[in-house]
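The chains carry the letters A, B, C and D, assigned in the order they are written, with residues numbered from 1 in each.
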Amino acid sequence: MSGAEFLLWMRGPGISFAALFFIAGVVLRLIEILMLGRTKNLAELRGSGSTAGMRTIATRFLPADANTFRRSLPTIVLGYLFHIGLFVVIFLLTPHIKLFQSVFHIGWPGLPTPVVDFFTVVALVSMLGLLWRRVSNRLLRFLSTGEDYLSWAVTFMPLLTGYLSYHHLLLPYSWMLGIHILSVALLLVIFPFTKLMHSFTLFIARYYNGAIAGEKGVQQ
Amino acid sequence: MNFTDATRSRVEISAEADLTHNVRPLLHEIRHALQQLSQTGETHVIDLRRIPMAPGEEARILELLGEGEIKATLTVLGRSTIIETAYAGVWIITHYNESDEILGRFIEITDAPAILKSQKEEIALAAAQLFKMLSADQPTKEETRNDSDQS
Amino acid sequence: MTAIKAESRRPADETLGEALRSHGISRRGFLKFCATTASLMALPPAMIPVVASALEKARRPSVIWLSFQECTGCTESLTRSHATTIESLIFDHISLDYHHTLQAASGTAAEAAREAAMRDNHGQYLLIVDGSIPLGNPGYSTIAGVSNLDMLRETAEGAAGIIAIGTCAAYGGLPHAAPNPTGAVSVSEIITDKPIVNVPGCPPIPVVITGVLTHFLTFGTLPELDSIGRPMAFYGQNIHDRCYRRSFYDRGLFAETFDDEGARKGWCLYKLGCKGPVTYNACATTKWNNGTSFPIESGHPCLGCSEPDFWDMGGFYRTLSMPTGHFSTALGYGVAIGAAAGLASALLGRSERDKARSAHEKVSVDDLDKGGSS
Amino acid sequence: MTQPSLEKGVNILREQIDGPVAAFFSSCVHCGMCAEACLFYTETGDPKYTPIHKLEPMRRLWEREFTFAGRIKKWLGLAPPISDEELEQWQPVVYDSCTLCGRCSMVCPVGNDITYMIRRMREGMAASGNAPQGLIGATTRAVKLGSPMGVKLATLEAQARHVKISTGLDVPFDEEGAEYMVVLSSMEVVNYPEYLEAITRIFHEAGKRWTISTEAFEATNSGIQIGVSDIAAELVGRIVAAAEKLQVKTVITPECGHAYTALRWEGPNLIGRPFLFKVRHILEVLDDLREQGLLQTSGMENDRITFHDPCQLVRRGGVVDPPRNLLNMVSNNFVEMEDHGTMNWCCGAGGGVSANEAADEIRLKAFKRKKAQLESLEVETLVTACANCRIQLEEGIEENEMEIPVVGITEMLAAHLVEHPSSDEGEQP
């Protein structure tokens, strides 16, 4: 198999299959969660649960307060850097935008490639930092399961292979790009059945948490 | 410079025309080579065919280098021009074929391009031929051919 | 470098240096020849003296050119090659003993010439192939009643090396494109015991063809190759990396259509399907039509013609990062499958919970102590 | 009479799985931030106290029975069922080292309400017989004697007589049609009778009709703490029956955190219908009286004071401003702790921990957090609004040889109450 054949297969059946698996998995998981429902709160409510829920979806993007930020400083800083880097790379690199455009028929302007490249490095370095913390910090090592490391690896690989292919390192571009898409395919397949699913469910979780608190008049 | 002129008229040259930024690095390379030449006598050749030029870039480089005092034309296998630029020690050598199409263009950083000099083997041959002519005591016109090319 | 010695000299043969001198070419002429030849082979100028001494001693090889499922575009490209003086000096020096499009002889006489060349230069001649070889049915393409497959096998047997000219010979090319009705394959899929140089392109850049031939003629060896058999000297660099429009890509400035502002300003053609990022060829530096321009310079995205399967790369105008095939359909099926499976799973979960709720036994304070209350 | 069993516990745990639980488990990324928000982790440094980790058996049940991938795992034998040993092993982290304070739920970046789940997890623990002995005892007393501390009506009546002696005011029992029905915590009856006297005087001044039911004066609800909704519902039901019988407009819960949660928020859900009366915390009522001008005070405390927010009242109950409004009425030197309001640190004894002897040691260890907070503020008096917090605070302060008196807000207000001449005794205690 040549690099071109491999790339073509990945761009064609490979990524389509992974996408099918991904979307099926995500829909499955979301239905599974939402269908379990929440029983109606019969207490005399002090505020609107849905308003508070929506509010919490937004407010949880920031740490609860300065002391919480201070207590978990490395986790929060590295976490932000990683997520911002990942967001920029996924949604603001022109080739990626074209991919979304081919599916959703809407596009948006991308960032200059060297800027995206910089964010890739930011994401990669912060992910290494997070991994280092996971293995070296007693608390995180205790909490971590195989799934945590698997999720880390399948997230790290697309970033790494994307970086390598952009810089034409290690392998010919067709191969590297093919491997990049393969790593994304792997991520997509694994995504719905691991904690990676949090990218979708955190909105539900925050909503419920905010609603439960908001009905009691607690603003978060 | 026929083809670059043609390119210039075909593609609009905007302010972004030297975008590949080949102009500046190339001039730097020439500057380094000149320094090297003046300090150690080491020569350097740049093959312009090996550099991906944006439209108008090659013309821009030639324009920036300008023309100096020497302009020689060699006539063998088509024309070749050997021009010293406005910068002493920087030569532009352009080889054409018999249809006057460019075969290759080189920038040589040297005190005198090798191709301009009389060639050792031919100098020896010339001496032998001149001797032969004198000893036969019959003057002919053919022998000077190789040295009469400069214009 | 693939070290096959092209010792195809017939005892009486003169070297290239001798030939040039006998043509009355001066030493300066030889220097010009060497400089342009080195440039042609994409060798750095520092290699000119090496080229000079090699050319001085180069011998005349016998060449057999076979054309299979092809369009003659490659031959056209070569014969339209601009640098007539230099090329003709080189081609004058090789013995093109068989090329069924170019040779005057035809029929039995032509085949006899091929057989004679094979016999006389066994183990030493160079075989050039353009076009792919059909494996589906030998009758799809024959020459003098001989199938392409048989002719290739037979001619390759005594060759010192093979140059596969054009994407068809190198990788199957257009005939190989899906659904590949003739079962077309490349030379390297049939011949595995000979050194093969692939010179892909549709067609290849003429000076690249002559550059490779010159390399063989000059050094008597095949040049250094990349992982898919192409000479590194010409195919070592990525179109995208060497593209003069690259800075637009980096700045995020793209032509969105063929007639928008970006197209007029010469911005990057990536979104219009340019295959530059996955294509290795010398177009950006060597260019076409006497170095005038190359497709991207003319405002058209690169098709990736020097890459295997470029016909099937998901469409010439489809952005490289866009999935090919039925991606959106797959997503649609995904949603449907996910919804069905999710509904089933959720209902199963709910029924388990409902069952648990209806089986609920009221817990009283007497039911809390494991050890005690009997 | 039945025995607790694993089967029963797991069955009840299964009943607890709902959308929020599934969303929360799906979202956890093991970032460890909940641990940093939990005083049992911060004061011990032991990772087993990480809040989300306390739910591991419940998470496994959810994964096994409520997710597609989990069912496959189960079918492949990769997801073993929950065992009784496992639940027993989890008892110390689910009960001894969790006060249901809800601080972890505030910091979780993906928004998990971990406390919500621990409350539910305890349902399964209790039904499988894995609740701590201390809590079982308290719950049994609550159901059988009417009070977790075994306080009987006679004790309350004795306290009412003391109030009569010191204030000349009657504590009204079983008065139909009163505006307020007051419920009390056993601790207030036994340890802090000042509360009863304070509200008697305040309501008298405000001219409000109030009463105490002799059938349901106990506000605390061990069922909530141990995690048995059936029992919690029974205990709530007693108050509901009494309030509806007396046709009161509002039931006032005392200075007790979980009693508020039990009646105000869980109550209607436990009995399966909305109440016909309102439930208010005493601080809410006092704050209303303040706003209406029915609560007038004179004089200011000059001592440097701070307020300890009872978790169930503030973070989990939503009563954040009233204590501050009320304190500012009577103090000109009120300072906030560094982490306060909804981000306050728990005293370390809520959620049934104080009734659980097994947790005694860790409960006092957890107090170190509060100690550090108090020391950095250098306050002279500590005010709170929960009898359970108050006991823990007093015990912790004594244990650590500090000298800070702890008082309840209501009694502090009563000390400054402006009393009108109609009352004979103008003297303040």
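As a convention for this text, a contact is a pair of C-beta atoms (placed from the backbone, for glycine too) under 8 Å apart; a residue touches a chain by one contact, two chains touch by 3 or more.
These figures come from a predicted structure and were not determined experimentally.
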Most remote chain, CA-based centroid, reference being chain D: B
Most central chain, Cα average position: A
Chain pair with more C-beta contacts, C-D versus A-D: A-D
Inter-centroid spacing, chain D versus chain A (mean Cα positions, whole Å): 38
Distance from the mean Cα position of chain D to that of chain C, given in whole angstrom: 76
Interchain centroid distance [CA atoms averaged], chain B/chain D, Å: 94
Inter-centroid spacing, chain B versus chain A (mean Cα positions, whole Å): 59
Two or more partner chains touched - positions in chain B: none
Touching two or more other chains - residues of chain A: 28-29, 32, 34-36
Contacts with 2+ other chains: residues of chain C: 341-342, 345, 349, 353
Category of the chain touch graph - line, ring, star, complete, other: other
Chain C residues touching chain A - in the complex, by the definition given at the top: 171, 226-228, 238, 240-241, 249-252, 254, 270-271, 277-278, 280, 307-310, 312-314, 319-331, 333-335, 337-339, 341-343, 345-347, 349-350, 353
Contacting residues of chain A [partner chain D, same complex]: 28-29, 32-39, 41-44, 46, 56-57, 60, 63-65, 67-68, 71-72, 75-76, 79, 137-140, 142-145, 148, 151, 193, 195, 197-198, 201-202, 204-210, 212-213, 216-220
Parts of chain C lying in touch with chain B, wherever the complex brings them together: 25-29, 31-33, 35-36, 38-40, 42, 44-46, 48, 82-86, 89, 242-248, 264-266, 284-286, 290-293, 297
Chain B - residues contacting chain C, complex: 3, 6-7, 11-12, 14, 16, 19-22, 45-47, 49-55, 57, 74, 76-78, 80, 93, 95, 97-99, 101-104, 106, 114-115, 119, 121-122, 146
Contacting residues of chain D [partner chain C, same complex]: 1-4, 8, 11-12, 14-15, 17, 65-68, 71, 126-127, 129-131, 133, 136, 139-140, 143-144, 226, 228, 230-231
